[in-house]
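Chain nomenclature is as follows: A, B and C, assigned in order of appearance, with residue numbering initiated at 1 for each chain independently.
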Amino acid sequence: MRNIVIGQYLPGSGFFYKMDPRTKIMGVIIMMVAIFLLETIVQLAIALAIGIVLMILGRLSIIRIARGMRPLFVLLIFTFFFQILFNREGELYLQESMTVSLSSIGGIILLTIIWRLLARFKRFRFFLLLAYLVGIFFAFSLLTYGYTFTTFTFSIYERGVEMSVFVVIRLLVIITLSTILTLTTKPTDLTQGLESLLRPLKIIGIRSEDFALIISISLRYIPTILDEANKIMAAQASRGADFQQGKLKDKIRQIISLLVPMFIIAFKRSEDLADAMETRNFVPGMKRTRIHELAFNMTDAFASLFILCSLAASIVLRVL
Amino acid sequence: MSYIEIKDLSFSYTKKRQILKNIGINIEKGEWIAILGHNGSGKSTLAKTIVGLLEPGAGSITVDGIKLDQDTLQSVRRKIGIVFQNPDNQFVGVTVRDDIAFGMENLCVPKAEMLERIEYFATKVGMEKFLDKEPASLSGGQKQRVAIAGILAMQTEIMIFDEATSMLDPYARGDLMEHIKKLHNEGLTIIMITHEIEEALLADRLVIMKDGAIFADGPKEELLKKPDLFQGSALELPFSLRLANQLTGAGFEEVRGYLWESAFRK
Amino acid sequence: MGIRFQEVSFHYPQNQLTYYQAIANITLDIESKNEFICLVGRTGSGKSTLAQHMNALLLPTSGTLEIFGTKITAKRDKKTNYNSLRKHVGLVFQFPEYQLFEETVEKDIMFGPLNFHTGIDEAKEIARETLKLVGLDESYLNRNPFNLSGGEKKRVAIAGILAFDPDILVLDEPTSGLDPRGKTQMMELFKEIQDKTGKSIIIITHDMDLVYEHASRVVVLYDGELIYDESPKALFKREGLEKYHLQYPSPIRVLKDLKERFDLDLDIYQRNLSDAVTALKRAVK
């Protein structure tokens, strides 16, 4: 939990921190559009590479960001297999008829046991998972003995492989972009930026302050809730309920015993926070001065130039 | 009419138990009072009613001639700054700097002055090196200091400190008290809730609470002469006075006199 | 046995690339029996960080830490049974709010015992008894711990650790927020527990009177480093502790003042009120 960085702000220096939040918000939106315009894996890979170079230049710790995004890898892997399995365009790469039979199920159970036994060699975790999946594939295709429940065809097409790689890289780029935004922009600045950007909406009668306040309070709460979760976990651990230990059953029980108090405490915290804000004279919608005034500076100018160039480049690539 | 008037104030969280019972306190402008009392005697509850976070069941609170109710809440709050007992509940900003600024932003202090005050008060509480840190990742005492700086920076006319220094080391506390004394000399009205008798003795007047009611209220010189009062409310006299009280009999007059005198030396 | 620190350092991740070193090169041996250690040092000197190492809530960045014979390394080790370590070492947090999480006081106090395989009826009984020990009556059992006053929360937090009867008690500022009588009673309770069971007790505090009166050993931290580890007697005989933002205990301060003012032949190093009275009476006569 401690390492989750989605939606969190981490203090630091480097040019991302110096940029106006408005530039960053608009930048992320435009860059996303640009990314969606790209059509080939090569183009996307180049975009990803540029992104990584920018992160290095901006002195962000890539390892820490990657580690923090780990929960999202599940999503990425899921997307990957979804694409591979269900995209049926292009040249056929592989076709196998699969049998769900007593023997194949037995084989899979055996494989699963072996896999879990070997899982303690952490270093080969990824390799093992891969081997396990390949094993399942062969079990279904080769073990046809015994009572057969059903059969189906497993096929991989050219587009499936392409798309799965493509979609995964695209997702990765998009996640990275938004992570950079939230990681380097204080929630308060983000709100202020949004408020300023949404101001034109006044014409159609939407008050940008209210909108921004809702967003900022939600953002303010992500770290608070994570914080609370960490605290409760520490409290429980120090009284003999270490989350990261024990069998799956224990873990599930402990997650439940974490969730209930987390909500109660988070709720209580939100009341306390509201009290603190009120007693320090905060009144929603009232005029207030700001310690960080939004200012467009040289970094922003360069960044905008860069963003617009990227957009132009991807439009050109698309049209050509 | 007194500057702050609390009249017949009663309050209960639940129907079962009354927490505050007919509290009456008058505080003059520029006065420094210390509120003492056992755990659960209602000190924090009283503080929260004064800033209008809890609505009294009966009785009234008047600040500077304004009677506290829903309509006047905001204007009364502008006069009062409160440091809560648990500093964690107090942090609004993501960095120490932003947090100290928060109150001032709401009071529409111009930016240049805000930056000046942040620098000044952060230095006053010894947190100038931590301005860019997140409040959540500070030590206990550091959190308390930031909470205090955020309120001092608002420069309100009245300040309430609810055990605001309970985790500070004696030196940090001493430095802070020096500053508060200075503000007091400039006319600040102070309500200080504390369990530290040494800290309470900086005040002019002590209010002792017991089981939700006022148990004693008066100038400290007077109250300190009645040890049973302290005994009866879970309190303890400062070491020098306990020592003086033990030195009964002839031959000790001079020492006793000196100990009494030194207990009040600010 | 007990807890053994060898050149332990710890740093908190701070921002993108930097770390904040909270304790540095701490070498410290804590016996599992009969120690009464006070851990002191100014605000931010690393006391709480050190305390959280004692039950392996924080893992040292470098150096070796051994808790009841188990080596604690920088990385969580699958083979280490952290839960059993926590049965050995109970830690009361500095802020009670960090520790309370159940809906009722009773459940909160029972949480530890239940995890350490105490039966439910017995755990209930324990909750009742420990609550009494910390000075709260039975009517608190069904209260919500978040709706208590600051000092009441502190007491419940302490009860929650006492309840599972750890071998070593680590208490982070257990007396802050308690009223003076509660403070005295709490210290008496700790003393009594030690006398009866021989548990080691480690207390973090800013209250030097308490240190002087109760501790058998003081450990002083300053900017994350351990600078003194000796008896309170030896420590407070030293000159110039102000340098480390340490205050002398009231008996020493008051008696010293008297000694200078009245030019008395007085031993100022008295650990409590009655000793101070006796010494003073002798000197004045």
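Rule of thumb we're sticking to: contacts are C-beta pairs under 8 Å (C-beta built on N, C-alpha and C of every residue); 3 or more make two chains touch, one makes a residue touch a chain.
Small disclaimer: the values here were computed from a predicted structure and weren't measured.
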Weigh B-C against A-C on C-beta contact pairs and write down the one with more. B-C
Using CA atoms only, can you tell me which chain is the most central one in this structure? C
Mind checking the centre-to-centre distance between chain A and chain B? Centres are C-alpha means, answer in whole Å. 46
Whole-Å distance, C-alpha centre of chain B to that of chain C, is 27
So what's the Cα centroid distance for chain A and chain C, whole Å? 41
For chain A, write out the residues touching at least two other chains, lowest number first. 11
Chain B, residues touching no fewer than two other chains: 86, 133
Please list all residues of chain C that touch 2 or more other chains. 14
Using the touch definition from the top, list the residues of chain A that touch chain B in their complex. 9, 11, 186-188, 220, 223, 227, 269, 272-273, 275-283, 286-293
Residue ranges of chain B touching chain A (in the complex, touch as defined): 51, 53, 74, 77-78, 80-82, 84, 86, 89-95, 97-98, 101-111, 114-115, 118, 132-134, 136, 150-151, 154
Would you mind writing out the residues of chain B in touch with chain C in their complex? 13, 37-40, 43-45, 85-86, 88, 133, 137-142, 145, 163, 166-172, 195, 197, 234-236, 238-240, 242-243, 246-247, 251-252, 254-255, 258-259, 262
Applying the document's contact rule, which stretches of chain A touch chain C when the two form their complex? 10-14, 59-61, 64, 120, 231-232, 234-242, 244-246, 261, 264-265, 268
For chain C, which residues are in contact with chain B within the complex? 12, 14, 41-44, 47-48, 94-95, 97, 147-152, 155, 173, 176-184, 206, 208-209, 242, 245-247, 250-251, 254, 257-258, 261-262, 273-274, 276-277, 280-281, 284-285
